[in-house]
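All chains are identified by letter, namely A, B, C, D, E, F, G and H, in their written order; residue positions are counted from 1 within each chain.
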Amino acid sequence: MVDSESIKRILEQVAAGGLSTEDAFARLRTLPFEDIGFARVDHHRRLRRGFPEVIYARGKTPGQVVEIAQRLLDVDGLALATFVEPDVHAALAERFDGVEYDDLARVASIGRMPEPEAGVPPLAVVTAGTSDIPVARQASWIARAGSCPVDEVFDVGVAGLHRLLHVLERLQAAGAIVVVAGMEGALPSVVAGLVAVPVIAVPTSVGYGASFGGVAALLAMLNSCAGGVAVVNIDNGFGGGLIGAMICRRARLPE
Amino acid sequence: MVDSESIKRILEQVAAGGLSTEDAFARLRTLPFEDIGFARVDHHRRLRRGFPEVIYARGKTPGQVVEIAQRLLDVDGLALATFVEPDVHAALAERFDGVEYDDLARVASIGRMPEPEAGVPPLAVVTAGTSDIPVARQASWIARAGSCPVDEVFDVGVAGLHRLLHVLERLQAAGAIVVVAGMEGALPSVVAGLVAVPVIAVPTSVGYGASFGGVAALLAMLNSCAGGVAVVNIDNGFGGGLIGAMICRRARLPE
Amino acid sequence: MVDSESIKRILEQVAAGGLSTEDAFARLRTLPFEDIGFARVDHHRRLRRGFPEVIYARGKTPGQVVEIAQRLLDVDGLALATFVEPDVHAALAERFDGVEYDDLARVASIGRMPEPEAGVPPLAVVTAGTSDIPVARQASWIARAGSCPVDEVFDVGVAGLHRLLHVLERLQAAGAIVVVAGMEGALPSVVAGLVAVPVIAVPTSVGYGASFGGVAALLAMLNSCAGGVAVVNIDNGFGGGLIGAMICRRARLPE
Amino acid sequence: MVDSESIKRILEQVAAGGLSTEDAFARLRTLPFEDIGFARVDHHRRLRRGFPEVIYARGKTPGQVVEIAQRLLDVDGLALATFVEPDVHAALAERFDGVEYDDLARVASIGRMPEPEAGVPPLAVVTAGTSDIPVARQASWIARAGSCPVDEVFDVGVAGLHRLLHVLERLQAAGAIVVVAGMEGALPSVVAGLVAVPVIAVPTSVGYGASFGGVAALLAMLNSCAGGVAVVNIDNGFGGGLIGAMICRRARLPE
Amino acid sequence: MVDSESIKRILEQVAAGGLSTEDAFARLRTLPFEDIGFARVDHHRRLRRGFPEVIYARGKTPGQVVEIAQRLLDVDGLALATFVEPDVHAALAERFDGVEYDDLARVASIGRMPEPEAGVPPLAVVTAGTSDIPVARQASWIARAGSCPVDEVFDVGVAGLHRLLHVLERLQAAGAIVVVAGMEGALPSVVAGLVAVPVIAVPTSVGYGASFGGVAALLAMLNSCAGGVAVVNIDNGFGGGLIGAMICRRARLPE
Amino acid sequence: MVDSESIKRILEQVAAGGLSTEDAFARLRTLPFEDIGFARVDHHRRLRRGFPEVIYARGKTPGQVVEIAQRLLDVDGLALATFVEPDVHAALAERFDGVEYDDLARVASIGRMPEPEAGVPPLAVVTAGTSDIPVARQASWIARAGSCPVDEVFDVGVAGLHRLLHVLERLQAAGAIVVVAGMEGALPSVVAGLVAVPVIAVPTSVGYGASFGGVAALLAMLNSCAGGVAVVNIDNGFGGGLIGAMICRRARLPE
Amino acid sequence: MVDSESIKRILEQVAAGGLSTEDAFARLRTLPFEDIGFARVDHHRRLRRGFPEVIYARGKTPGQVVEIAQRLLDVDGLALATFVEPDVHAALAERFDGVEYDDLARVASIGRMPEPEAGVPPLAVVTAGTSDIPVARQASWIARAGSCPVDEVFDVGVAGLHRLLHVLERLQAAGAIVVVAGMEGALPSVVAGLVAVPVIAVPTSVGYGASFGGVAALLAMLNSCAGGVAVVNIDNGFGGGLIGAMICRRARLPE
Amino acid sequence: MVDSESIKRILEQVAAGGLSTEDAFARLRTLPFEDIGFARVDHHRRLRRGFPEVIYARGKTPGQVVEIAQRLLDVDGLALATFVEPDVHAALAERFDGVEYDDLARVASIGRMPEPEAGVPPLAVVTAGTSDIPVARQASWIARAGSCPVDEVFDVGVAGLHRLLHVLERLQAAGAIVVVAGMEGALPSVVAGLVAVPVIAVPTSVGYGASFGGVAALLAMLNSCAGGVAVVNIDNGFGGGLIGAMICRRARLPE
């Protein structure tokens, strides 16, 4: 079993300046991760990143997901998995108590989600349409798993601009904004033109024909004429939520 | 030389119901077009379409452009050419008097441009940025060549939405709106969400990297979540202006 | 509940010149739309656009579609939905009486479709082949929902040109022509070369191999050498019908 | 030097059935081709194919082209080169008398072009527009180099269908038709729908924006809904002319 | 019902020189095709092309396919359909006697296939691998439906070149060669380098990953360094067989 | 001229809670921007965003750039332009004193760059190779123009991982990291796996062949398996620097 | 039946220098392969290549796979098949005893796998993640079928670099390294930067959105900035293992 | 200055088993590389890889290339640069004596190239055409710089297969084969089907139209149906030569 206390001690020394990163790196390298044959479970990623390790369930058998979840639970008390299809959910529910499953977002959590941390500005999670909600929910899940408060604003796309104007104040108050949109992907540009908050754009595969599974939205977002926009992969609500929440959490750090 | 009177008579009979389209078609087929070896100059396209035949100068030698322009001038009294590079302009200016050359739009006209037709609502020609103006100008040229009034509104992109709000009334009054935008191509969606006028979107190659020479804008426009938008080829201001002006002109026909 | 009378009053003032668009916009922004959590139902889009709001059912749960349809019915008396799969149809049929379902076009309507408006020229809806009919039907549905008469002409592709020549007169009489074609997508160019009516080209995913799900047809249409053609998204019969019907309806306005 | 008589003898034996292809192949393999260091000049391709070896000049230095041309001239009495830029032409003209250079098609011939062979039906070479002529000319060159008569018909694109109807009889009389078109590439489908002759479609890079350097035309041609169409590479007039002329020449063989 | 005798008479006059193509065209246009609502069945395509009209069953309901087949049977005595899935086959088998179904090639024929025509050289149909056979079979079907003899040679791909060398004589004797290959699509180049017969290359979607559903093979074939190769759409064995058989049949015409 | 004091007052009221964003927006909309014909210079973007408006010089004439720069200088005392080619630089240098020109990054500044703001953590700007430096420099420019300190670390790509390990401490201390890389674009993933700081990845067009002008790097970055990475457009060092510096600056705000 | 002894004799003569390759080739060409109608089973590929012929089961019917396996078993005593779906496995298991089936890798073997050959350095097979294991297993299978020892190292992706550092020695000791990775595909570059062993990179389709089914990983690997990397097709673990094992085996040959 | 002796000692200890790779890695990390501001020159890559560090000159200023070359010369006595345009060559020639410049391959070497190492089998470098020679030459350069003998075989493409058969013995004798081809890229498959030697395929941008700058050849090579082929980037003769020579050199190691 991993001695997570020793990991913490090493990192505290780094933070305190008593240990160079390089030396810390050398020591961390010698710490055991768990080699369970088909996976090497990385217990100090949480320590490095402030967010739990998340299991990418696609391409793994239900048995593999259960096994990895068990190791994470043992050490962290929380396991989060994405791309969880019903058969994987069933396997998790059979093994663990209190599995929470969001079938829209295909996310499952096992163990206790943390409380939002005081003093951290919320992550605004915005969608252009109703069909984008499943991807947006991934962002909310990972942010909350990292103790970041979340403010969800759904269905405010550019075809009805007055709906967006109603929520400008909430967006202005966020630490970062995750904007989730498919089809032409215009919403991040419009939002970034209106508020002075970093925008993480998440293109979705909502659309058909020349949306090419989200490519149209992805390209639009990469070409945003409004500064302050960066983009993650198509349908990667999880990734957008992670960097968005990292930004929100750091907004508090210097206090 | 072509007897354009006879063409008109045939078409008038069709309009009057005295001749079926099919019979007219059969007769028109027997009318001479001019075969000048490298081109077959089509003198009744103007009659069919209400707009002059336009010379696509790219891929033609200066001599070929001059020759075709001469034939169009002889019959129509007006020749318009697009993609006119300086060497072609020089050849035209040497042969004809009063060539008007728009070096931004790379359009040249020889002969007399018509006056705007009374009672036709204007074609609004809108650009997202200053760099889109050369393409927009193509639209204005062909519309004016077809006697359609034009209202130009430049640099009202989505990154500064308040600039667009200032011109809503002018857009609302148009017979059709040509919206010219590069980069993320979001402007047509936003415009179509605000006004109840048909929008012809013209993507431009303004941008770099993942704009892929205008593909990002093209895809965004094709995927517009706001209804009432149709799209033409990248940088095809001419094509956008042509269908836009056709719509404006027909808005008057039933009077 | 929304007071649609007040919306109408505002817009009438605009039409009458007694209120600027900008002021009207400011007022409209303060009018309630309905926030039902997963969607913000936009009741004044119909007023802005002259066509009912249409529910894009893909990516929405049957329950969400039913809920939105209910709100639209309450205000407009008509709800139209596209991309309606059988499970969504079943949910609609269970809740509402008189659901009309076109399983070819995957369109459902609830409530009363309006009568065609007198004096509006018909929208011609043309297909290259039999396999393109489902997409074409979407165009007919939205046009009729907007009170625009429709003239359907199916299976007149370029491989048998004589079939097209038989219907030239009907096409010439249209206010606009929606041309629906897959494979090489050549029909819009040929139609636009024969008649002087704006052509809205709808590429379809009919084809295989290097048709790339409709991309071949889309590109052909964007590159049409015949002026007067604009294009909508692949399989977007709905979008083509909407702008086509907008053009037809405006052809009557100045009377 | 190569003893072409011995090659002929081998092949005649094959034709007469006195030698299996396999044995002939083994013998041919032992015949000298000329290894000139940077190239291995293939003197029996003409014998195998009925057409002269053609020098693809792009990517070769002027000196290399001259050297290969010399070897071909020595054996065949004719050298043909494509993609000949002015500097290569200059090098050829300096070394050889009577170089014929088509600067539009960028083709050069050295030596004596053969006469058209009696009894061979002509290859029709058709273009949609004037800008497609340089590519079409490549087809004419290689056909004539193979003794195949050529019938050139230029500028009969689908936007003015009546121009095409004028030449139907000439097309019907051809042994094969090479149809050269850029932009939307619709012409081969229309031609193949009207005549019962094999059509070789040559897409060109004429166009801009979403023509993607000829890809739009290429895809349209590959997806032709009219049977009897096969396609060669973009701007490959030479390849289209070669297979077209092969078909024409074989149409006579059984006599 | 269509009077096919009158069609024949018109065409015979053309063949005899007693009627211009143009006049014939005008007359043919007045002949009834059958408008059955969802399709316009083209009875004189067979006459124009020498091959039966083939029903493209994809995207059509079983009922539509049955209906069109009935009309073709009535006039031609033969109906051929491609992309026939089992449900369509079942519908055909229920209505017609003697349906022949090739479940590999997904082709169905109803009525009597003609005998091979004497004096026509065979169409060689060659595959690189076993997995390419279903596509190759489409080519054989249409060729035989057009009375062209067929010589099938399967599994002679470039990874085992000695297998190809065994069949060179058979290929040399063909009127045209259809080469069907997936993956890297190299076989047409190799075949065209060895024999002096026109090669129609058919790329297949056999492969995975960077074969991109046949695009790799398609591009390889379009870029063939060996002249005498033209290409049809991915998996379009039918189209390859049609033009291949047209070439074979014309090889006999001048006799 | 614009009364920037009044803009500030409005925004201060918003910040103080005495004015809703909506009301502020309405007021801002009524403030004059400068319409100079070909551009509408947006003077309150700086106020909204905390960074100066930057002139995108590509596609603008030198005269247009000079004119816009003048307006920005008049109000802000600083003008920054990107994509500045030598002719534009010459025009700027002729009109203004003290133009600073970075010919590697193609950035020009006119007027006084601000001092770095105390208490703001630095933006780390990292490149994989020497050839990526010009793009990285864009990031440094905009960050410094927004008063954000910058720490540049060049040539630490993954092919020599020991070079990266030397600078881990500097990266760990940053407020955000801009990672600039071409070719396979692997560096952002590796960096994000080692440090707990938000990473903005900037793909560059450095590379050739299958780098497709930066697409390979772009895709790699979008697919980063290490969380905490978001991406901007190819070669968009400016955009990466802008959002990176926005994050750094907000890291201080709660103090 | 094939006389494999005679094949061996020919090749031994070549190895011994008593027969030129060319003569051997000529003789081999005359040896019978088995033509079983739908396939030509190539019994001397094993002899030429040192690895058994492998059956690519995709696109073949279960019966075809069984038949080919029988022929290979008869001659080689071992048959290996890839892309074996459960129905094919069932057919194999019904016909043969001792079928070994790896349902993760979809590989089946019939007959006796050889022992690893002494003195051959192992092939290291490395994966970035757990989801890449099925592809990696293909590599292991073919290597072992060719008597090459295998060292599997799974789940050492770049997001947790310390896991890779643990296995450097094992990688350094390999004869070649097959690196299997999806998503951003960065692992081959990092490995090749650390060890002096040829790296064969295998991109996988693990990922979603802008991974485009493995294209992102493929492009990253092709653009590796670290020399000593070559790439095979997406998900082609078999191909990567084959060339990797060929390299390992030759590393021993000169002894 | 770097003490290369100490580097050698460390690595010798590793080779001798007296030092773990991990410990060696830790020590190497502490050794100085040279930080010259715009580049970090990596002097132990040669030691790790057996080949000199090569300067990728594209995107670097002539001054930067000269500076890096100086550092490499000081330590290694040899500097090699690729993508050397004439201006960079001029700068090198001005600074250093004895610069060897291959203007076809755009490679420059400064200092003494090593002799071929005895006992190493040659790297065969094969091209399909004359136009592929510049890329092939890159492969020869890097192989020779790594002391690997080279056997160049040019212009043996598949359109004239007999030319390839002449050199089979030379290919069979190689340690590895680099096959360089553009257009349809079929040569590597054919070579790998004939000989039992690992093939490194190098696609080139030779071709036009649908060769898409080498993509057609790249895809063909990735989809090779003949095992034993791996691929490098388009036009990356250098990369192909490097891994090819690594394989050749290791073929000797166990002695």
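The criterion applied here is as follows: a residue touches a chain if its C-beta (ideal position, glycine included) is under 8 Å from a C-beta of that chain, and two chains touch if they have at least 3 such contacts.
Quick caveat, the model's predicted, so the values are computed rather than measured.
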Partner chains shared by chain F and chain G (touch criterion as defined above): A, H
Option in C-D, F-H or C-E whose residue-number contact pairs overlap F-G by over half: C-D
Chain A and chain C, separation of their C-alpha mean positions in angstrom: 38
Length of the line joining the C-alpha centres of chain B and chain E, rounded to whole Å: 42
Where chain H touches two or more other chains at once, by residue number: 25, 29, 129, 159-160, 165, 194, 209-211, 215, 218, 222-224, 227, 233-234
Residues of chain F touching chain B in the complex: 25, 28-29, 33, 37-40, 42, 45, 56, 58-60, 64, 83, 203, 205, 213-215, 218, 233-236
In the complex, chain D residues that touch chain E: 14, 20-22, 25, 48-51, 54, 119, 121, 165-166, 168-169, 172, 175, 194-200, 218, 222-224, 227-234, 238-240, 242-243, 246-247, 250-255
Chain F contact footprint on chain G (complex, rising order): 128-129, 157-161, 183-186, 189-190, 192-194, 207, 209-212, 215-217, 219-227
Footprint of chain A on chain G - complex, ascending: 129-134, 154-156, 159-160, 162-163, 165-166, 206, 208-211
